[in-house]
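Before any comments, here is the structure.
Chains: A, B and C, in written order; residue numbering restarts at 1 for each.
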Amino acid sequence: MSQLDSDPFEHLPTSDDDLLRVSGLKKHFPIHGGILNREVDRVRAVDGVDFTIPRGKTFGLVGESGCGKTTIGKTLLRLHEPTGGDLSAKEFKPIKRDMQIVFQDPSSSLNPRRKVKDIVSEPLVVHGWGTGEERRERVDELLDSVGMPVQHKHKHPNQLSGGQKQRVGIARAIALNPQFLVLDEPTSSLDVSVQARIVHLLEELQEEIGLTYLFISHDLSLINNVADIVGVMYLGRIVEMGKTEDIFRNPQHPYTRALLSAIKPLNDRDRELIPDTLLAKGEIPDPRDQPGGCAFRTRCPKAFEPCDGDEPNLYETGDDEHAARCYLLDEEHRPDGPPW
Amino acid sequence: MGPERQNVKESEAATRGEPEPEQARESSNRERRQRFRRIWYQMKRNPLTIIGILMILSMVFVAIFAPVIAPHPEDRAGHNFEKGAVAPSLEHPMGTDTQGRDILSRIFFGARLSLGMGVVVLGIAGTAGITLGLIAGYVGGLPQTIIMRLTDTFLALPGLILALAVAATLGPSLINLMLAIAFAWWTQYARLVHGEVLSVKQEEFVEASEAIGASRIRVMFREILPNIMSPLSVKLTLDMGFVIIAIAGLAFLGFGAEPPTPDWGVMIAQGRQHVINYWWISVFPGLAISYTVLAFNFLGDGLRDIMDVEVN
Amino acid sequence: MSEPLLEIENLHLDIRTADGLAEILQGIDLSVESGETVALVGETGCGKSITAKSIMGLLPETATVPTGSLQFRGEDLLALPEKERNAYRGKQMGMIMQDPMTALNPVFTVGDYMTDVMKWQGTHKLGLSDWLSSKFTSNDSLRERAIEMLEEVQIAAPERVFESYPVELSGGMRQRVLIATALLSEPELLIADEPGTALDLTTEAKILELLQDLIDEKDMSVIYITHDLSIAKYISDTIYVMYAGEIVERAPAEELFDNPQHPYTIGLLDSIPSLSKPIGEGIAGELPDTLDRPQNCQFADRCPYSEPECREIYPARRETAPDHEVGCHLYTPEDAAAFDGELVDIGTPPAREQLENET
């Protein structure tokens, strides 16, 4: 892991404009077993991740299920205690007021036994915000700002549509005027026509209240639309990171290209941006049993000798602030010229 | 952006606007009506629920108005040896016991005792069991190990025998009887709640509440507990019957109320030597117990569907 | 063209609920030619899955079909008694479920499952003697057939998978097993209910590729149910767009993308995030209440082009181009003489280029 300590993302923006800076973040989940219930193994869900998010921007974290992207979001919020690494966020008061989360499945993230108004006012109550009357007003104001008819506040979540539920989830998250929101696949359980509206709502809110987002998704086309900076995750590591245009116009890591190749083009312009052959073999390995060296080598069509050795470092791609963790970018190792 | 698109935005803004307070009240009333309609729909699908409720209501009515509706309220205690055991007749629909007391009247007064004691026992056992179960399930770790192993230990002993032993140690009295049964019973709830919490804990709303910064107590009682109320209420209702049997059983053995208290268990005990000659002395209190247990079972079975009306 | 393999006409379906009668399907017309792949596209609650279940005869007890016909090779399945219906299910029509994680019973091995399916498919009631005699007949030929089928769905080690329990297999592998099982009896009609949705991106892409190959190779008729228009375009010949229990538009796949007509289809296409264009506005509003359906056009309340007439006159589907039907008053039928609905003038639809420039 030593190469990670050198902070390969040093060259990414680290000015005062950065709201959040994460370095070497690790989260390992122990597996207990045996008669004594001792730790027998661990799942390295997040294994040394570094990134910074500039104020008011959206950082898109993309990857398939089990890659650790959700774990990162939850670890930032201290829903999981990190195993290692450092999180610095300037001027965050109590962390749970300034940082909030919108969950993936609004059917599960809203308590079915409570009414909308109680769900939205919960953060206000917990943090002792305002009087009863002020809280009621704030709930109306919040519902209004997420585009939810206020008369729905007496309903239970099961009486709302998926989009409405997610609006309630967003209202709850912004109740205390946080600076930073983790959006954990906020639209993946919604229909596309609803997803579009929720995405626009999130964009509006970002502009109005000056929010900074960590947008987690498995959908590259969506990330392309919402993020300013993108990190591609595979098995607990960020394998490629850069500005959104660079990632999508000039993808360098074979995994990024594999993800892109799985997209079904909508039109001819899409087709030009999508590699036409599917570029990953097999399925994601069990995170408990990761291959050594480059984690992607077992599925990579371009794998060659160095991939079995040490884990590859981050290599610059030539674009500004764009790096990928792949030996193909290393001129010493790479067999014959630029890979793509 | 075309003019049509703008229309959409405006019409949406109109629906977003501040609602009239009346409108809000009306929508809240509509929710309530809808809820009642769904509950009624579920009940109609399982008519035994309605029968159970009616039976319980009749018991509660009798318990509350015992002094008014009992034909011989003066017979709740005391005796009338000259009269002796009289077979059921118009004046004494269930006859009288060997001490000449009207059995129907005593059963009416006994309903107060049985229901009251049942509620108290379940209240104590339920509160203790639910709290410990919540802690074990939600907090986990050492508290979980201690509470659940303790529960296992209790569950390894037959409940009634345990209650008997405790009651015998404490000495015969109504309060001791209730404490003894509650002591033997709390593990039922601890175990049930623990299991349910483990599954509800996986739901994201628990995590959402933690993300907000809610205290553990608040998460346990405001977020988790309401979501396990449905199996819990079913169990509590079904258990009401069992607890009443247990109370009567221990009273029958002499660990509860002392004569002349009109306790159903005591009444059966008093009639048992005479059951050949004066069968009514034991049989009617026995039927009262069966009636109660049946009522709570009917309700308990139907309750689950009704409890889930909000969620489905 | 000969008679279609499956022809659904004006299928209505209601479900009894605590709050009253929910009108789920409101007149579905759908036909599948033999060898054709048809995609049924729509969002949550549009009734696409219940349509599939109606075809398979897997409706809940609370469902009733007030009108409509469902003809499979000329025979009305809705009129058949349950016993004869069973003979179709599985044998002539196969179904692939959405979630491979729950569609396989964890206590049976893949082999148990597949051989059981072959033995008992279409059996209405299983007699004790049938069951006992089955225990003494050899399963070798069934085993061979199952392994052959597993090979066909490109499972690398079919013998090993045959002996495995579902928990030992990955999601993609399980979905392959389900596809293999559905294809065992070589059904003429395969219904696939979002078979990739529960899987990972790269795995889903591979399952789709596999299905595409199998469909071509076996010349099956397929109804592919999905919420994703881009997948529908990839896999199907004809796309049916469903909204609120109705078919609002039907067109050949390419044509639908080049020339979408119904405002719902347009809104849907516009909303799909793509690499090359910004995400659209989405569709405002909510699905109509199934207990209290709006009169006539179901989409009017959410439609940017709706006029009062849309709520007064039913927008019957009209053919606006060869094989392209749309249920919207914005369009006039190509052949007005053959159209038996009522026409109103609510203006002309926006041109496609104009729409694209807006976003």
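Brief remarks on what is shown
Everything that follows uses one rule, which is that a contact is a pair of C-beta atoms (placed from the backbone, for glycine too) under 8 Å apart; a residue touches a chain by one contact, two chains touch by 3 or more.
The model shown is predicted, which means the values in this text are computed figures rather than measured ones.
Shared contact partners of subunit B and subunit C are A.
Taking A-B and A-C together, the chain pair joined by more C-beta contacts is A-C. As a whole-number value, the distance joining the C-alpha centres of subunit A and subunit B reads 48 Å. Work out the mean CA point of subunit A and of subunit C, and you get 33 Å between them. With touch defined as above, residues shared between interfaces to two or more other chains in subunit C number as follows: 281, 284.
Residue positions of subunit B touching 2 or more other chains, listed in rising order: 12.
The touching residues of subunit A, counted against subunit C in their complex, run 64-65, 161-164, 191-200, 218-222, 224-226, 248, 258-267, 269-270, 272-274, 278, 280, 283-284. Taken together, the subunit A residues at the contact with subunit B in this complex read 74, 77, 79, 94, 96-97, 100-101, 103-105, 108-114, 122-123, 126-127, 140, 144, 147-156, 158-159, 169, 172. Subunit B contributes residues 1-2, 4-5, 7-8, 11-12, 34, 37-38, 41-42, 309 to its touches with subunit C in the complex.
If you check the complex, the residues on subunit C that touch subunit B are 18-19, 281, 284-285, 304-305, 350, 354, 358. The touching residues of subunit C, counted against subunit A in their complex, run 43-45, 170-173, 200-206, 208-209, 227-231, 233-234, 257, 267-284, 286-287.
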